[in-house]
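Shared between the two complexes below is chain A, which has chain B as its partner in the first and chain C in the second.
What follows is the complex of A and B.
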């Protein structure tokens, strides 16, 4: 935990209410998100029990599996989920824009993309498991399923995989999105409880956050947000209802299971929409749009993949696929951290504390300063900044400024709070710097060594060229009847 | 057998194995003559007249190798490939048989081409019959994936006890896969090719007799190695008398026994613990003021600032120690950057000093191993009291992943072993 977050947590305890740790919102919140709250059967890894899903806070759709140990019923549940999810996704596929790119063919990109909100990280992982158990199923052969089930599986897998990409917003866990913006007076582990977290952030009138969080721990008032259910509910309500269905699988028995599960899901459903409202109330950071654009691109590519009829995502990443994914994740991680700090003075303050950034006032400027002679003469304006920050940047460090995009400078000297910088980029092409490109004396500026200069890595071989050191080329995937026989389904 | 004979026998076995296998792995403990082996093997392969590529991990490692190759084999053409931002240091420019270029055709046609793994990944459409991969345990397997098609056979050399490669993102998704991209190149290579021969260099020429058993026991519990020199071969003496300050006492303890623990009172602190940082910097300054002279099998020489290093776990600690006032010629750096370097005396800020938790990062045995095995004569560790208690309060609780080979040594145990030894050489500020 950083020093400022620790301070914010202490303040949250003192004031009895969660403290903001950012000035802006760093994730995209769609105008029309789909909220999905999955529940699973206790003791089973991937047996869905119920889900509350929908885009309208007033009209959730409740799906239940009256006997989760029955696999046919599980896949009927998956078909029901597909009925809600697939039309929602398809709604975004139609309207596209043409994107020009330098040195390449223009391509199409969807104008908007779907966004799924789940309560917590476990729900996101469970979404992935549900995708894993459904994407290899087929509409013909042994144990056939509804044709929408494997398609649902591929989409769920896509969302779960993509949610691990730093900065992506196509699938967000509410607790993570909230903790990114608020610090509470409880531990990170306790923050994973949506009701407790919202208790701290937005306690009921007249109640402290601490008290509200305590109340949230009572499973009778606030049932767990899933995917695991409350053991008391399992034993006393759910088990008898399932047993009754087992004995007489009538509509009434299904209703009984549904009613029981509705009591567990309704409170979380309301919490999810409160979380959406809270997040929406924050002003959006300036680079959130850029990252959502990348999400839209990724969504469009997956739509195309499905349209081309390519096979479902592999069970495990191959050697080349794993390396490619790792490179993509690292790239996203680095630029996400930099972008957030540049968007948000409060996050930048963390870096100012550790000496990787500083803010101060320009006390001297030499905008005409240049280096080299004749043709190799280069404009290198010098500025000196006075700061009270504990700067730990050594001469030669390249720095950027959150206030000026495309601006780059190099530390020349840093002594006693006076830092001399040589500006190397962003002055225009003329013999003198473009107006306004060099900070003037008296101007307040900030600089940081945190810059988005991640070097892209070299190309990987094709999977069919996997070298001997990594086990050689993998066998190609052939869909077959064996897929339906997987034991753990 | 003398240590010399023992080491030579292993080198001979490695060279004999080279043409027989697609890959040969050599494990080398700290200072066991890894570079010597690489240079020797390079000469051996060059004699056959076949071209050779050498892969190292950082530009410094490449430059060091180029320098040694050029010195040992003056008639061998060496080409050094570099990225665009690279500035060729003077020591490389001065070598007559070395050419430096950004592209392969610009090098001429040297017998040996050497570059970093990152640079090699951009070189396509040519295959070398031979490759040597240096520091292969510090190389991530995804880097090997990018360059493995460039060579037919390869010698992989590295130190399994040092820091594992890492990623800024969570790699749990691939845990247990035989080609896990965040594992080291050697782990992945051996999992797919378990029949490849693995040799071990048995003697550390760097570590003194006082350090080799400690490091061997803590970090190489099953393979072990010994010091190439005896207790009488190395000594450190101060030519200026001390003032009997705690700093002097710690330095004298280190000079006499090879180790010292300068222990500050127990306290939870921020990472850049001002007191510990100041103590570290002061010890270095004091050390120089005492004008130490090192006696070893190579003769006697004064220990100058460039033979001293200060190591820490984090970059901000390094910056803080620098800012606390250390002579500029003294190397101050993180464990990651000190890998592969050698000094007469090292001063180490213990990674767990002042912490209230023992995270996987701080427990990683490789980090402590690097810091505790850079010296030829003595190592002074600066730490807050209470680390053994911290370790006891935080036993490793990492989730167990299926299919992941168990890795030794265990960071928790290695830390305890080193601390147990250091506790015999404790000096506190009140002494």
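What follows is the complex of A and C.
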């Protein structure tokens, strides 16, 4: 949260409509995303109640569990969800490209990957729990389930895990994706309500964002986006409908539960597609493609893992696995922050505000300047930039420029808004700099100490060499019969 | 406080509450006291025992809290399962968790006596257990504790069980949220820990009152939850020392409500006396005016803890307070409390008063950078 965002929120309050806090979109939005809105039974950890799911805004599929405490009905629900989700995922597995690697075997990567959109963070976590409760099931033995159920569980787990990776777009929570791009005139806590958030971003004609958000808080007008349902609805509508089903499990009783749940899901379904349209209307940031490429790679590896017949994801990471995951998350977070700032002048402005970046006009340049003598002579062009930004970079700091990839410089001196830089990279190999590689006087430039440099992954021992301080080498995880027969009440 | 002043203070609180009986604080309410310690409105209303839920309803800003019957049923089913057969299941869990070798454990249901006797019965049982340090183990189900809150005794009827072995006590809190692969939702665990801390404090107070060492009540409470997706219970120890110190501090502060009352008009009251139809006889306007006399300190967190939240949010909005947007935003604005003021400073339409120069410079720069980047 920066002063810039705070300012945007103040403006949102005054103008009655949300304000943009980015100039471009920083997440990938697929041409064919799958929207999933899960609902769960209140008071239970992972008892699915219903889901609205699909890729066509006009034709959602509604899945319900008429008696959420019935195990068989739950697995039937899971099989129904698999029927929608698995073909969607498999649709992306076939077309691949060959990626050449420097010093390695070329490998295959899917040309596109699936993307699931859920309303909020709780829905993303619930997706993970659904995955956890289904991935260990088996199609044979006691309590058999449809073969698609365990596969669904592994995919849901994959999506939920992957959504924790900063910059990944395979599973997005709509409220988070929207809040990344717009500041509303309410608190971050209230932004978790999808209807209220969209009320601020795109209020109905003639209504202020504030009014629209207030209306969105009424559960009768805008049912909560889940996964928990409105307690009033539970007590007055859902409970009698479930009771009726218990007394006589007829089609009519199922219909009654379905109709009731549809009223809770329909409004959110429409909101989700409005969110998709709003996000699509933003121009895509230039590095979004690079990050989606990483997502495609990750998706391809998981497809291969399943094809190889490897076991479902373990209940918990081992010590080495957990450390590696954490290090990976940290690297992804750092790189994601830098990439976004480089893509977006409005985000870079936050770093200018804190003195880690500056923008200004070149007032002098010495493109032929060099250092050293004879064979060790190196080309080191000098430029001086005048800026009004409060620069807090000390001499010797290495900086990069969002406008020029591969360009690097070092701060020589910073006095009274005039900054002298020594360019160290990106001028070509000649005795004189390549044309255009050194900014000319009058040119507008920006520099920052924020650099997305390659960080090698932490050196961790193999799992079989886990030190005794961390419990020693873990036992190989083999999902057993207990896992497959675990109660799901 | 000398006794005369104390009497006057308590009378004043009674006047504030009016003719309605004081609303007892349950553990959840006491735990929530620590949520927003800077709020005078809440402190005064809580100290006087005003029914905040009813007050909020009457002025047209009901709190958006409701509980689903599914959640209630689930909670009850799980609790009775854990307590079945004299807490047999609980004993199994405690044996594993605390490494006990006891084969037998006593079970006393305090609820067996009439409700008016439960508190003294609890007292007697705890006293006896603390004296007879003979290594026996006993569960006390439905104990009734009390805590003094701003001069009023609040009775706590925990769903919990107190477990005593060899004169040492543990509070056992039974919750129905799932512990999946050894992990539960952090905010639910935090809420449970805050509640359990209230019981620990109440039991410690009782022990001290009886002349025993209060430290014999462990700060490690036993949290019992369903394991994974089934109904089978599992248990974990939760250290509530931090919650205890927050709570202790908060309760001492409550007596300082006296100072909060000083500036208030003498005839101020939040009386909710009902007419024949059960609706408070006072006009909503009058009550609103009374409420506005005591300053609130709204924060978005209130929306999940305080019955008055919608009323205070409305008020904060009406006066353009930056509190509305959350503490983080307010911090970013260098503590400038008015939205108009902050925007005026940023856009240069308002001169910075003394002490605001620094934040004004930052906001103006932020405004310039924002305009420049959006161009």
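Throughout what follows, the second predicted complex is superposed on the first by the 482 of 489 C-alpha atoms of A that agree within 3 Å, B and C clash if a C-alpha of one lies under 4 Å from a C-alpha of the other, contacts with A are read in each partner's own complex, and residues count from 1 in each chain.
One rule holds in what follows: a residue touches a chain if its C-beta (ideal position, glycine included) is under 8 Å from a C-beta of that chain, and two chains touch if they have at least 3 such contacts.
Just so it is clear, the model here is predicted, and its values are computed rather than measured.
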Discussion item. According to the stated criteria, A:451 is in contact with first (chain B), second (chain C), both, or neither; which is it?
Written reply: neither
Worksheet item: When the two structures are overlaid on chain A, which partner does A:348 contact: first (chain B), second (chain C), both, or neither?
Response: second
Worksheet item: Now for A:316: first (chain B), second (chain C), both, or neither, which partner does it touch?
Response: both
Practice prompt. Check the residue A:3 against both partner chains and state whether it touches chain B (first), chain C (second), both, or neither.
Written response: both
Practice prompt. Considering only the touch criterion stated at the top, classify A:334 as touching first (chain B), second (chain C), both, or neither.
Written response: first
Worksheet item: What is the contact status of A:99 with respect to chain B (first) and chain C (second): first, second, both, or neither?
Response: neither
Worksheet entry | Larger contact residue set on chain A - chain B or chain C | C
Worksheet item: After lining up the shared chain so the two structures overlap, which partner does A:471 touch, if you call chain B first and chain C second: first, second, both or neither?
Response: first
Worksheet item: Touching A:14 in the superposition: chain B (first), chain C (second), both, neither?
Response: second
Practice prompt. List the residues of chain A that touch chain B in one complex and chain C in the other.
Written response: 3, 316
Practice prompt. Mind listing the chain A positions that touch chain B in their complex?
Written response: 3, 164, 166, 316-320, 322-323, 325-327, 329-330, 333-334, 354-355, 392, 394, 457-461, 465-472
Discussion item. If we count contacts the way the header does, which residues on chain C are in touch with chain A in the complex?
Written reply: 64, 66-75, 176-178, 180-182, 226, 228-232, 300-301, 303-304, 317, 320, 322, 324-326, 328-329, 332-333, 339, 342-343, 346, 362-363, 365-370, 372-374
Practice prompt. Could you pull out which chain A residues touch chain C in their complex?
Written response: 1-11, 13-14, 20, 23, 41-47, 129, 132-133, 185-190, 210, 217, 229-232, 234-235, 239, 315-316, 345-346, 348-349, 352-353, 359, 388-390, 486-489
Fill in: Residue ranges of chain B touching chain A (in the complex, touch as defined)
22-23, 118, 121-122, 141-142, 144-146, 148-149, 167-171, 173-174, 177-182, 185, 188-189, 192-193, 270, 316, 319-320, 322-323
